[in-house]
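Below you'll find a set of structures to go through.
Presented sequentially are two complexes of subunit A, the first with subunit B as partner and the second with subunit C.
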Partner chain A sequence: MSFLQVNNLEVTFNLRNNPLKALQSISFDLERGERLGIVGESGAGKSVVAFAILNLISRPGKITAGEVLLDGQDLSKLSSKEMRKIRGNKVAMIFQDPMMTLNPVFTIGDQMIECLKAHRKISKANAKKIAVQKLKQVQIPSPETRIDQYPHELSGGMKQRIIIAIALLMDPALIIADEPTTALDVTIQAEIMELLLELCESNHVALILITHDLGVVSHVTQKTIVMYAGRIIEQGPTNEIINDAQHPYTQGLINALPQQTLPGEKLNQIRGTMPSLQDIPTGCAFNPRCDFILDVCTQLRPAFTQSGGCSVACHMVQAMKDAEKGQDAYE
Partner chain B sequence: MSQNTIATLLKMPNLWQRLKRSHLIHSFKKDKVAIASFTILMLFVGAAILAPLLAPFDPYDPSTIDIMDSELPPVWQEESEGKFLLGTDAQGRDLLSTMLYGMRTSLLIGICAVLLQCFLGVVVGLCAGYFGGRIDSFLMRIADIQLSFSTLMVAIVVLAVFQASFGAELYSKLALIMLILVIGIAEWPQYARTIRASVLAEKHKEYVDAARVMGFRNSRIMLHHILPNTLSPLLVISTVQIANAIISEASLSFLGLGMPVSQPSLGSLIASGFEYIFSGSWWISAIPGIVLVVLVMVINLLGDWLRDALNPKLYKD
Partner chain C sequence: MSNSKQSVVTENSNSAKQSILQVTSLHKRFDISGDFLDSLQFKGGKLCRKRKHVHAINGVSLEVYKGEALCVVGESGCGKSTVARTIMGLLKPSEGEICFKGQRIDNLSNSQMLPYRRKMQMIFQNPYASLNPRKTITETLEEPVKFHNPSFSSIQVKEKVAQVMLSVGVDPNWGIRFPHEFSGGQRQRISIARALTVEPEFIVADEPISALDVSIQAQVLNLMMDTQQERNLTYLFITHDLAVVEHFATRVAVMYLGTICELAVTKTLFSTPKHPYTQALMSAIPRLDGKNSSHIKLTGEVPTPINLPSGCVFHGRCPHANERCNREIPVLLHQSDGSQAACHAIEENRI
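And now, the complex of A and B:
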């Protein structure tokens, strides 16, 4: 039994009686202390996965099928009271924009103490002690002064450290980080990522890292999920996905990295854009942008094929595997 | 700067020191109109609070009133008596004392009515903005209906019906509470709309998501996280609303539906002197009238300053 198990998760947004499936058949699992990366373009549904795990999809969205098992407990069936005990306590989340995530009218300390008091019976003085200690853990200099400052008095990188400290307050078993470095300076990004990685390792915390940045994923995570138009199209061990991507979309993402191009040359981009949820093409959702399109691609949705340690939803990969098998049989 | 001062600066400043260094106080000190308005308002409020100590006579005590003293002019006019500084009204009450007590009533009604408006409006506006959907439509339609009746019309109907059905005597006892209730209930949609608009803007900010992710209750998020962030429009509209409430009370009293003559407010004083204006006793209406105008004006000027001071887009320095 894995620590976190997501089975066939489906999230539907009912817009003017027109149901849009933001997520379909999402399944993955995560062990304690394991780190998973979720990558994909904007609008692929990465953040929806995060909110679905916490059962925080806001209306008109709804989890319409599937289950999220945390330590064997189905989170999508818990009452809102029981769910509140999980949020911030067992599972914490870090958001993209540190400028916006802290409440501008309260001091850092107020916000940390409030979080502690919401989950534990604890005196204010003790709560403050824990808060200072956590601020030390995220390497905030002179935490005793910082704790009485307001968010606007701190820099972006500092704020993101504080947000990580808040996430760590209750010693969660899982942290979901939704693009934690996107809003930061490039020079700070690496520092914050390094800190997050270090803290997850030393506290044995599982991490779900949602990002655009394949470089970060390859550095931090052990497993990777690639999403496209609300579905998983490829998942497996990170090093296999980065070094030997099977799905044309994943290959496209990797080829689009600036490191893949010589200076002065144009970047390789995937042509076209992600379809909107309202008009997802039949068959493989990626087919209008794919360079290796087959006839079946426009008709049938590909099933997962095992390829090495990865499972890939692509007709081409399947055809190649079948051909290999056929050859094996022939030989 | 010595090391000691740096150390004290770095230390957590207490609330008063923080307030002293804040932008609000800074902009207040630079705005002469605001300082003047605030001074006048404080003088008025102080005079109203200290009315029993300051007033030379007690207008509520019939034994001190002599009908022979009626309609005496202020001291700078002929035929005046020295002990009545601003003259007397038609019943022989000292105008200065009556005005001090009247300002008390007017301010009390203004502030209490606004507190009531604020409470109703904030509860409705927060719920409507935060929960959205059907609750929002329902609450805001009620607000629209309430807004489509003018305050004076609602007040006149309610107060007239009350006076007619329960008699003037009971009314004169309950007039203060009735006025607070009527003005408070008639004007809450102003607050509800302002708060709802701010809540709609705030609720999609990430700190609200973060609060939900931390497992806080809806009520806690609404009251403790969103509400403090909507305080500046609330403060600005409150100043306007206090001025409005004082005016509404004065208008109602002027129409004979407000405070009874025995417990005068500024409005009912103006009304009581109105009959005597053409017989030459102008001061009974004019002096309380001027006080009312100045009171409302300084509150509005303070509101203007507050609106500019709390708007970060207007920071000048």
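And now, the complex of A and C:
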């Protein structure tokens, strides 16, 4: 039994006249200490997955099917009171924008101590001791003075470090990081990613990293999920996905990176844009943008095919696998 | 495509690189001391007025050649956008000169500036904020055409707009729609179209693709490269994404805390970065192959531009700093391979 198991998760937003399925049949699992990356364009539903795991989907959204099993306990069925014991305790979340996540009217220390006192019976002095120690862990210089400062006195990179420190306060078993470095500069981004990686490794914490930067995914995570229009279209070991992507969309995403073409050459773009969730094309959702379209692509939604360590939802890959099998049988 | 690019480069070198824009020792300070009473202070029993400034740009000199794409890179707060805005005349420089085709433009009045506004256009970072939400796309695009070509009949204006919309891949029939009906990539195309309607020669693009997804970034970059070839445009491209720079730029200027620390042809910069800051910046690019072991870690944070460090602005974080760096401000010096770097350690052959 995996540490985190997501089975057939479906999230629906009940808009005024029609229900909108933001996520459909999302299934994956994660072991303790394992790192998973979720990639896709904006609007693919990456962040909704993160919010759904923590049961943070607010109205008019709702988890309409499926389960999120953490150590065998279904988080999607828990009451908000029970859920509060999980959030920030067993599972912590790091959000995209460090300027928005910290409360501007409380000191760093207040915010850290509040979190500790909410989960444990602990004296203020002890809580402060733990807070200072965690700040040291995320390499904040002179944590004893920093702890009494307000968020506006710190730089963006520093704030994101503090958010990581807050996430680590209760020694969680899983951290969900939703684009943790998008709002930061290149040099700071590299530092923060390295820090996160180190801390996850040394504390044996599992990590779900949501990002649209395939470069970051490739050197932080072990497994990768590629999402498109609310569904998983490819998942498997990161190195296989980066080096030998099967799904045309994943290939497109990787080829669109400027590093993949010679300087001055035209970039390989994926034509068109992601469809709105209100009118997802029938068959494979990617078919209007796909270069390898077959007749069946516009009619039937592809099922997952196993290819190497990856499972891919694509008719073309399936057809190729079938052909290979046929050849093997013939020989 | 690569051939034609090549020919542009050789053409440039043949005609001895015709300069289109020249910036000489540009300074920009922002006064943050507040109003008169805020800036009063008691000092040694006397009342004196003390002013505080943010030193956003400290002596930037650069030249943009016709037909090239000069990229300015650096971390946030290093003054990239301020340089762009000052060049466009949106901010008045505190010191220094800006010349467009040999003509000084930084001291012109608004009406004197008008003919230059036609030749220089700007594309902004956030396509969600730079388009007026209450105007249809046609209205947005027609306005500059009408303003700069008062003699145009309404049919001519419509034709011009339709032609530009087609050239950036936006269907002219969508003109009756409002910006909120478009996706981010489409909006950025419309912003590019708006800049192109007056047929400029020089475009300043301030992080035009930072707010977009990877696949859409590729679309917009391709569009910008196509229009550069078709119209022989010159770009000043501001970004912090080095992968894009490597792909797009003819030359690169690396900025740190309001000064240029290295200026070189793209290939030279990426193969042999010289300035310690450039080296650190290069090593921080996340690569697909995951070989990032050589990442140079910089200690500390970018100092505040209110109290600039003495000497070289980078000396506090530089692994090669010595006592001279602490004291003396380095100047941009030409290197053997044609690049320019401002660093004492390079000058003294220490690195």
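Criterion: the second predicted complex is superposed on the first by the 330 of 331 C-alpha atoms of A that agree within 3 Å, B and C clash if a C-alpha of one lies under 4 Å from a C-alpha of the other, contacts with A are read in each partner's own complex, and residues count from 1 in each chain.
One rule holds for everything that comes next: a contact is a pair of C-beta atoms (placed from the backbone, for glycine too) under 8 Å apart; a residue touches a chain by one contact, two chains touch by 3 or more.
What you are looking at is a predicted structure, and each value in this text was computed from that prediction instead of being measured.
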Touched partner set for A:K325, first subunit B, second subunit C, both or neither: neither
Which of subunit B and subunit C A:R59 touches, first, second, both or neither: first
Which superposed partner A:A92 touches (first subunit B, second subunit C, both, neither): first
Subunit B versus subunit C as contact partner of A:R120, first or second or both or neither: neither
Which of subunit B and subunit C A:H152 touches, first, second, both or neither: neither
Contact breadth on subunit A, by residue count: subunit C or subunit B: C
Contacts of A:K77 with subunit B and subunit C, given as first, second, both or neither: neither
Contacts of A:K129 with subunit B and subunit C, given as first, second, both or neither: neither
First (subunit B), second (subunit C), both or neither touched by A:L267: second
Of all residues in subunit C, those that touch subunit A in their complex: 1-2, 5, 75-76, 183-186, 213-219, 221-222, 225, 240-244, 246-248, 266-267, 280-281, 283-290, 292, 295, 297-298, 301-302
Residue ranges of subunit A in contact with subunit C within the complex: 41-42, 155-158, 185-191, 193-194, 212-216, 218-219, 239, 242, 252-254, 256-271, 273
Complex contact set, residues of subunit A against subunit B: 54, 56, 59, 83-89, 92-93, 95-97, 100-106, 114-115, 118-119, 145, 148, 163, 166
In the complex with subunit A, residue positions of subunit B that touch it: 10-12, 132-133, 205-207, 209-217, 220, 224-225, 228-229, 231
